[in-house]
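So, here come the structures, one by one.
The same chain A turns up in both complexes below, where it pairs with chain B and then with chain C.
This part shows the complex of A and B:
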């Protein structure tokens, strides 16, 4: 039974990734834009250089990338290359491959987003637990409405406000980038680490402020439903200490969906920071995507889309597998 | 704690329906604040469009550029010569239109698919369930970026294109909500009674299930409107929005693009940010308030 369940979830993951890859295969073919022609047009606009025999060049490129073959054959070839982890080449920074570009940007995104995700989860869950606890002071409970509003503000708007007030007006922190100009990020030194941290504070703050409401509201919502449960009432009537009820009866039960969300948030890490990264010029996946959009670098756009979906799919599988360990009430057999 | 739902507790001797609604709104603070902000936005943008000639003043080269707020231009003007008061009036309307269009498409498709899947079941249900599950797994913003960034010609985007792009995924959430609600409801006694009394499927769906689904549908609709505005703002900030239209998101994008922040043209960026925050605050407060009606378990316990 247990093996059957794992197998089913795994098949679902494969199905998700296969669907994503298929969608990404067909979207460019729905488009009338030819990325290679587009690339040469951009080159012509910026340099005034127009290759004489453009149509022939494009034909050669298409031959090289197998675009002249019949569609089903292209589809099979494409799926094969995805399976081998080959997402194509960048049109803008040729001959760099999409995988190389993603590899350069990914550490920045993972570094920034994993720290902020954990911090936001801890802060938000604590605030939400207190806001939903009936014995909290009234001002804590009344934090819910401001949190709802805060959760609705897009992080890049908060980013703009932070850039303006803290970086531009008060000049406390750098405005953009991930390290100072002229600093070589290759060698790990103390001053480099401090420099990187200093640059990461504002984007991190924008992300934390923007997403704290999500965690707080989720925790509060669960907390409110847990309060009415018989086991909490029973614990109260047994005369247990308030702190014990709070941690071991209330938080312990209400936190389970939060943990699921945390695992999912980790899967969504690549996509979550896109707009904030663009706002701050932070050299992660989001900025790579932003410039790929600006320069019509289609293969990079598809590659980042694929990686994002892949990460989410894998994290969902992980959630499904670890959830029964966290919540003994759920067993594989029930499904 | 007992909750006064007007339609149920309005007895002949009790308070009138209106006082009950007012009393309920006083208790459901999120809903009330959200509705008040929404009303303000509607009055501002619909009322304003009768007073101000937005068709001219909200577009480039209409007024002297870069004027700070003054009696002549209450909210100032931007670098391209748009009157920001007119831009805000029109922008709230356009942005609202994108949200409403996507929300409507989403809810209509969601109801149709959700009912077919949930009520009739079978292979259609299997397909609908798999497709929604797969689509819910895929982060919607990334998919919309790919669609808007590669299928659509970036220089030809209109407000309608934006509405169409944000509608592409707007049906997934409602379909799931409707399907699961229909699944739990069709096993209840009132449906069996209706079946035994000879009601047809369509009659049961529209007379018995629909009214019970209403709170979920409204909450889900507001959620989709918010999601569509959120997504369109994200696309606009990435340069994938309607470049010729003064939506709220495009106004912020142009202000950032022209460095309004670092040139002390604060009015250019302040108003659209305020408008955006008000739109999101009002919708999410309404959403939370409606959730309280739809999901009795979330109701305040005081």
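This part shows the complex of A and C:
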């Protein structure tokens, strides 16, 4: 029955992505902002040049990008091209395609966010597990509280504080960007890697500090429940060592919901750091999406939205498929 | 059968709560003999489970074992469980004294196979033994509780309640402990399975020659299985007698009331409860803790706690109605007049 389950789950995934993509298609169209007019406004701001027959030019561009057609027709056309793997062109950075833009930004985002997500998960889960364990010293148990306070502060605000104190006042680390100005990030050299790492510390710190409390709280909550379970008590009655009980009876059971959250966090990786990326001028997907929204660059918004939905959907599928390996109570075999 | 294997004396356990100190177990004396089955009965909150946990040294804060000793073993190898170091106690659990839990439904780790849960228990005590050796021992244990060998490779959720309870028993006897404490081992099971599980406990106990303390409420089950019964009330052991004596001639008024409350074939439909409620352990009555509910209460009961009386046959009773040898004391409601029926 396993194959049948995967197939059903996959059809569901396609349905989820299609529904979300449809909703996403119409949202930017509610805005009165015309991306082509925005493009010329930007041009005028930087060069002082404003074409005389702007309305005519805009009409021509709309014709070229198919924006003159009725909205339902545009929807069908766009969905068709997505199916063919074509996400269209950027209206603001024409002639760059959306795929090119995403290709440039995605590695930065994946690099920053996957490392911080894993680190945050490990640290937060460890703190939460220790905080929920009755034999931990009191100072460990009370560690969760300040982390929750920090979790209430949005990461971009923490980012601003870090920029102000560490980058601006103390001048310990660079303020913004992913690498120093003048460095060509094409060739991998030791100095480039060090430069990139140095630039990544502050945005990573903002994300870790802001999200660690979430993981610690989740793990502590489960831990407190599990440590009172009969099987943990019976393990003590068996005369097992504390370390054995801690890892194999306590953490092993308490961590199950954390794994679900981790997979979902991975799915949400693209969206999680948008504001932090904007704050730090980090050239990732978040910054790209931020400027696309500002100028209502339809196809870039669609493209990034689409891969975000896709990532969430796929990671949910992955969680469902790996869960039986973690929890024997869950099985897709039909009994 | 006269060899003592567990001598508990003056055991006291208190819980320190915000509302004050509660004496959950207070001055309990108890001697268990090799191969016997002792029933420990009493209403909820009377300290049965606390006593079991104290013997396992599993009392958690705010609870504390405050007094007493619990000497386990024969002449060759005697230790006081309450004086062992933490590390020694870790070794003593399961190998000297094992505990079969109340909530067997939930007592097995849901993400580990039965075999792993048996192996880790043995490895904690026999680090040098080979896996094959331990597996063999585990299989033997599983067979002795009448489970199929295939159960070893299953997860707890694949087993029924009765099977899980049997697995817990199999784990309990892995290292042939001297004493097995079974804390309401059948409370979550239906009556048919209850009986089977009880029979299994008796059989494995006889096989390994252990002594069993059976904790429970079910007087019927107790009288079929055990040889002696101890009755606890508000943290105190009020009477300890053989099953026959307990059912035919209970001495302590609480034991009398407990036995009288059982439905019998003769008095169909007639139930006698025990008036009043068990006292809060925070505010115990003065004198004898049972006096507010006792139909034989005298003036002395309100002021003085009774001393332990031991009859020539070895029964213990704590009651002013008896002298120190367990004979009916003169001038008490028992000897003077008919009891007032409530």
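Here, the second predicted complex is superposed on the first by the 283 of 335 C-alpha atoms of A that agree within 3 Å, B and C clash if a C-alpha of one lies under 4 Å from a C-alpha of the other, contacts with A are read in each partner's own complex, and residues count from 1 in each chain.
Everything that follows uses one rule, which is that a residue touches a chain if its C-beta (ideal position, glycine included) is under 8 Å from a C-beta of that chain, and two chains touch if they have at least 3 such contacts.
Every value quoted in this text rests on a predicted model; they were computed, and no experiment measured them.
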(request) Considering only the touch criterion stated at the top, classify A:45 as touching first (chain B), second (chain C), both, or neither. (result) neither
(message) As a test of reading the superposition: which chain, chain B or chain C, is in touch with more residues of chain A?
(response) B
(message) Looking at A:8 after the superposition, I want to know if it touches chain B, chain C, both of them or none. Which is it: first, second, both, neither?
(response) neither
(request) Figure out whether A:309 sits in contact with chain B (first) or chain C (second), or with both, or with neither. (result) first
(request) Have a look at where A:134 lands relative to chain B and chain C in the superposition and call it first, second, both or neither. (result) both
(request) Please work out whether A:153 is in contact with chain B alone, chain C alone, both, or neither, and reply first, second, both or neither. (result) first
(request) List the residues of chain A that touch chain B in one complex and chain C in the other. (result) 134
(message) Which stretch or stretches of chain C touch chain A in the complex?
(response) 56, 58, 60, 90-95, 98-99, 101-112, 120-121, 124-125, 155, 157, 168, 171
(request) Mind listing the chain A positions that touch chain B in their complex? (result) 12, 15-16, 19-20, 23-24, 27-28, 30-31, 33, 134, 145, 148-149, 151-154, 156-157, 160-161, 163-164, 168, 217, 221, 224-225, 227-228, 268, 271, 274-275, 278-279, 289-290, 293-294, 298, 301-302, 304-305, 308-309, 312-313, 316
(message) For the complex, give me every residue of chain A touching chain C.
(response) 134, 229-231, 233-241, 244, 248-249, 252-253, 326-329
(request) Over in the complex, which chain B residues touch chain A? Could you list them? (result) 29-30, 33, 130, 133-134, 137-139, 141-143, 145-147, 149-151, 153, 226, 230, 233-234, 237-240, 252, 256, 261-262, 269, 273, 276-277, 280-281, 283-285, 288, 297-298, 300-302
